[in-house]
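Right after this note come the structures.
In the two complexes that follow, chain A is the common piece, with chain B as its partner first and chain C second.
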Partner chain A sequence: MRREGSALRGLGVVTLKEISDHMTSARMRVLEWLVVLVALAAVYAAITQVRDVTAEDPFLFLRLFTTARDPLPSFTAFLGFLVPLMAIGLGFDAVNGEHSRRTLSRILSQPIYRDALLFGKFLAGLATLSVSLIVLWLLTIGLGLIMLGVPPGAEEMGRAFIFLLVTIAYAGVWLALAMLASIVFRSAATAALVTLGFWLFITLIWPALSPAIVTAFVPSNDEATLVIAAQSLARLSPSVLYAEAVTAILHPATRTLGPVYISQLQGAVMGSPLPLWSSVMVAWPQIVGLIAASILLFVGGYVAFQRQEVRA
Partner chain B sequence: MDALAMPRAGSAPSAAPAQKVIAVNGLTKRYDTTVAVDGISFDVGAGEIFGLLGPNGAGKTTTILMLLGLSDISAGTARVFGHDPMREPLQVKRLIGYLPDTVGFYDNISAADNLHYTARLIGIAKAERGKKIAAALDRVGLKDVADKKVGAFSRGMRQRLGLAEIVMKEARIAILDEPTNGLDPQASLELLDLIRSFKANGMTVLLSSHLLDRVQSICDRVALFNAGKIALMGTVGELGAQVLGGGFAVEVEADGGDNLPKRLAALPGVRQVTEPAPGRFRMVCDRDLRAEAAAEVVAGKGRLKQLSLDRPSLETIYTRYFQSHDNPREVPHAA
Partner chain C sequence: MNHRFIAIAAALCVFAAPAFAADTHDVKGLYLLSDYPAVTVQPGATSTVNIKLHNYDMAPERLALSVNGVPKGWTATLLGGGQPIAAAMPAADDTTSIDLRLDVPKDAAIGTQTITVNADGPNTHIALPVAVSLAKQLPAKLTLSSQLPELRGNAHSSFEYTFTIKNDSGKKLLVSLAAQAPNNFDTSFTEAYGTQQLTAIPVDAGKTKDVKLKVTPPDTVDAGHYPVKVSVVADDAKAASEVALDITGQPKLSLSGRDGLLSATATAGKESSIPVVISNTGTAPAENVKLSGNAPSGWKVSFEPKSIERIAPNQHAQVQALITPPAKAIAGDYAAVLNASAHSETGSANFRVAVTTSTMWGIAGAGLIGAALLIMVGAVARFGRR
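On to the complex of A and B.
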């Protein structure tokens, strides 16, 4: 049945309102400080490490993001862990919060469709996360400029920028997941707990669990088959996809993210960097996977929301 | 659609039927196992205050949500100014102002900012927003707290802010779900006055409630819901006649006199006379027979002490109806 009018009427209004809510909320401030402090610590550690061991590295600047120094993990590892936390923090009460404040039916009785409300909330969350990540990214680069004293090259900036985009896509997956939970569960606390539990499972346990599952269930003695199967299984986790994509983008020498046969390496100059777009092509399946995951999760939430009863 | 705007002056005779602003026909809402609303039909005329009454879970809120296009209609039709809420929900929602049961606002922003958000959703032009919001807040008596955060508002203030939203929207129909629920008597009287003033402005009001005496005071017509169906519909007087079996009950208190019950029963138009207490007589009549009864008591040498006319109260009608239909008040499919 066709309905009159645009499904997106009021989208801008909702988005702006939600962004302003996020930006002024105490929750957001706490999350931002957490991320900024932790990430800057990682960058600082990386800089001192890079300065100690610096050699003739053409991509010195990218080492800012990827170098770990005990006991701190690298900047990218931190983001892989903390970006989901931020996204969940922004999304876990998106819809059930409107229910419990009893504002949902009042807002939906205005001349807008539900689509606008849900899209607006997602876009606002994504915009807020993007702003925070861009700020963090600029801070990191600024810190690198000051402390390393070496300006980054154009290709380094290009890679760093693509890294930023991939991080935003990764944040989108977790935001869509948190919003799905906020639609399915009426209580915000339940939604938060379920999403956080899922996050811990998928980032910490799943990558370790998938080889075990494969050895238990794949009846093959061929080691390559087992490795490939375990890797495919692990890639169901967005954290794994993110880590792989980041590796390909920030380590220009990365030629593949899976296992390779020796025969495939014939003629390859090991350790020589790939051009930027070839690196992007290496990471492309992972990037598409992240975007697809957020779309799938969002669509799931969208369908659930459309079918939901409005009344509290 | 232009003719709709005209509020009817006074109570026009039924010879010129008021324009139907809401027309509901066979409206049905089925869930997996239950039927929440079961083939109800009613019309609401322009400028009317129409009450949906009934126990919790009788289908009042579901009916309202279907009218707003917020809940899918399983069968039947609903029209709001001729628009189908399923197909043209935006049109319908432009015309209706809705005050949900226990309305909520964003607690962390001010009353005026809450209305600003709604105004932008409605699409009120930027230049007019401030003026309309100030006027609406003034109308409901919240001008002084316009810049206070809603978090500090009492229940009654929130309800009034909800009405301010409807005023600001310049809705043609106000749908109010349990507007006086949980309010103290003073606050609910103020709220009812506001609702009455809506009618004076030519707005049509549809309100649902289980607080009967409140509703009785302001409704032109009511529909009595029971288990998803409309059991009774009409003015309070009509319902009284239908359920209580007689329009007027005259109570006479008198001393002495000879054979007063017989004399009273003999009056034309009296159907029944009972004596609930010695010296107190209750007459069920076709019309207001107070004057005749007084004359008869005096003629019978009785000393008249008190004379009163019982208007049928909605409370009585309601209780009597549910008693006589041996329906338990609890309905299985609660909201």
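On to the complex of A and C.
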């Protein structure tokens, strides 16, 4: 039966309800503690390292995000695996949880379309993640201000803000993936396990595996072709895209993310920072990849949900 | 020999009784001798006359010395061994050297004065008249001549003049060298074939010495004719000469961006133009100024116009440098050198070119996101149901 009226009717109600559910859940407590501890650990490590090592640096504040000190990874590396965990944690039982609680048909008996329900769940998850990430971001900058005593410049703040947006886009990919799993698998445990497994594979194994796949299947002896092919393959992983985009945004001297011929570097003034706009252009394909991936994954979940039997 | 002696004695006006007593073969007695008993001096100058007291085969005798006929205002002093003396005692067959120092006042009248030097002993009485003529002009004791007194060159050349110093005075002189050049010109004297700088050079009596004067004009000097006065001084003798530098103008090119800006932006694969100002800060016009650029490989650098016919001194010309980074250039700053050259003069400037990549891909990326959203809208329309 065709739908009548806007697909988004009831979206606001669902979103607000989902956000309030998330915010009061035990998961959110855990997330909050994770946020505080991660911020403290990463900033402390970065600041002690920055104080010891860095001399003159026009982008001192950005070093807060990128500096690592053994044994702790840098703030961006922390986010690289913390964000997928948070997103999967919020999304793995989005739909199949309603099934198992037998509340789905009750919700849909209200004047709310399925579209609105799914959109609302996704937006609520993304909003909750954004709140956590913004808090984490502000906490880091605040701690950095107190402990470094150096105010950040306008361009540094611009770069840090774009970094935040990229991180939210990255969270969106994993949230969409987790929701897709929660739609496809009726059991929440299965969905969680499959998503986590996929995350482990795509984050840890895939970047290492792609050169091997390329050497096995690409019939070329040209070094450059192999490197470019391996890199393209590795970029199927959102973690790789995220790491590359963060590098371009937070290290202003990054001129390109792909392989470089020596001839392209002739006459280049090395170490000079790119303007913010150029850095965004360097990272733009990666950012586009993250946004497009989250949209497509969501669409996949949407189509699956629309075709599903909800009366169980 | 004897004839000569007598002739010399007569010529030198040595009037001494024993001279006439001496036989032709054996000169005996005490004599006052002088190589030049008639001298010419300048008023206000000091002159020294060499006198010898010779004892030919006589017993040593103490001789009191005195000077008669000294005009008023003059000072005549007898010096022996560097100090004033009043008596002399030559040994047998020996000579005692005496200097007669004459201080002639400035206002002394022109004419000839005769001053007599007397030596009186118990048995001997000798007198030596010395004729002193006063003259305003004396023949030069030092001469300075230059072989090539006028040289031509530009502000960067070095000008080298060779001088010959001739010492016509009767004694060896230590000649001081001095050159007076316009402000900020650097002058230095060296030996003719040496590099050691000199301020004075000894010249033997009757000999010549060559010295070289090197004049370095300041780089910023205008074209023109610049005289340099050279003077040499030794004791009371001096000589002067004048040489000249004929400096021709020299163009000097400098290159910069408009308003002194040395940075530019360019997009990969696209031609962008940088306004470049070429100034001639030299003193001569720069003709046929050619422009060239030195950029990383793969870059295209050309100019519009390609060359400038003429830039007058203190004028400037503007051209457009057209820079095209290769399409595959990666974003960031690059260094490019732009040169302007006219004959031997070159001016160059280091430009920093910030390359941005084409925004084409950015639009393509936005299009991709748009496509994804379209798919979503399509899915909503296709699968939307109650």
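Just so it is clear, the second predicted complex is superposed on the first by the 307 of 312 C-alpha atoms of A that agree within 3 Å, B and C clash if a C-alpha of one lies under 4 Å from a C-alpha of the other, contacts with A are read in each partner's own complex, and residues count from 1 in each chain.
Following the convention adopted for this analysis, a contact is a pair of C-beta atoms (placed from the backbone, for glycine too) under 8 Å apart; a residue touches a chain by one contact, two chains touch by 3 or more.
What you are looking at is a predicted structure, and each value in this text was computed from that prediction instead of being measured.
Clash-free side-by-side placement of chain B and chain C is the outcome of superposition onto chain A. When the two complexes are overlaid on their common chain A, residue A:Q306 makes contact with chain C while staying clear of chain B. In the superposition on chain A, contact of A:S263 is made with chain C only, not with chain B. Legend: residue contacts after superposition of the two complexes on their common chain; A:Y113 is shown touching both chain B and chain C. In the superposition on chain A, contact of A:L296 is made with chain C only, not with chain B. In the superposition on chain A, A:V288 makes contact with chain C only, not with chain B. More residues of chain A lie in touch with C than with the remaining chain of the pair chain B and chain C. By the document's definition of touching, of the two partners only chain B reaches A:R102; chain C does not. When both complexes are overlaid on chain A, the residue A:K17 reaches chain B alone and has no touch with chain C.
In the superposed model, A:L274 makes contact with chain C only, not with chain B. After superposing the two complexes on their shared chain, the closest approach between C-alpha atoms of chain B and chain C is 5 Å.
Once both structures are placed on chain A, chain A residues 1-4, 113 are touched by chain B and, in the other complex, by chain C. Within the complex, the chain C residues that touch chain A are 295-299, 326, 328-336, 352, 354, 356-357, 359, 361-362, 365-366, 368-369, 371-373, 375-376, 379-380, 383-386. For chain A in complex with chain B, the touching residues are 1-5, 9-10, 13-14, 17, 21, 24, 101-103, 105-113, 309-312.
For chain A in complex with chain C, the touching residues are 1-4, 7, 113-115, 255-256, 260, 263-269, 272, 274-275, 277-278, 281-282, 284-285, 287-288, 291-292, 295-296, 298-299, 302-303, 306-307.
Of all the residues in chain B, the ones that touch chain A in their complex are 61, 65, 68, 70-71, 86-91, 93-94, 96-100, 102-108, 117-118, 120-123, 162, 165, 335.
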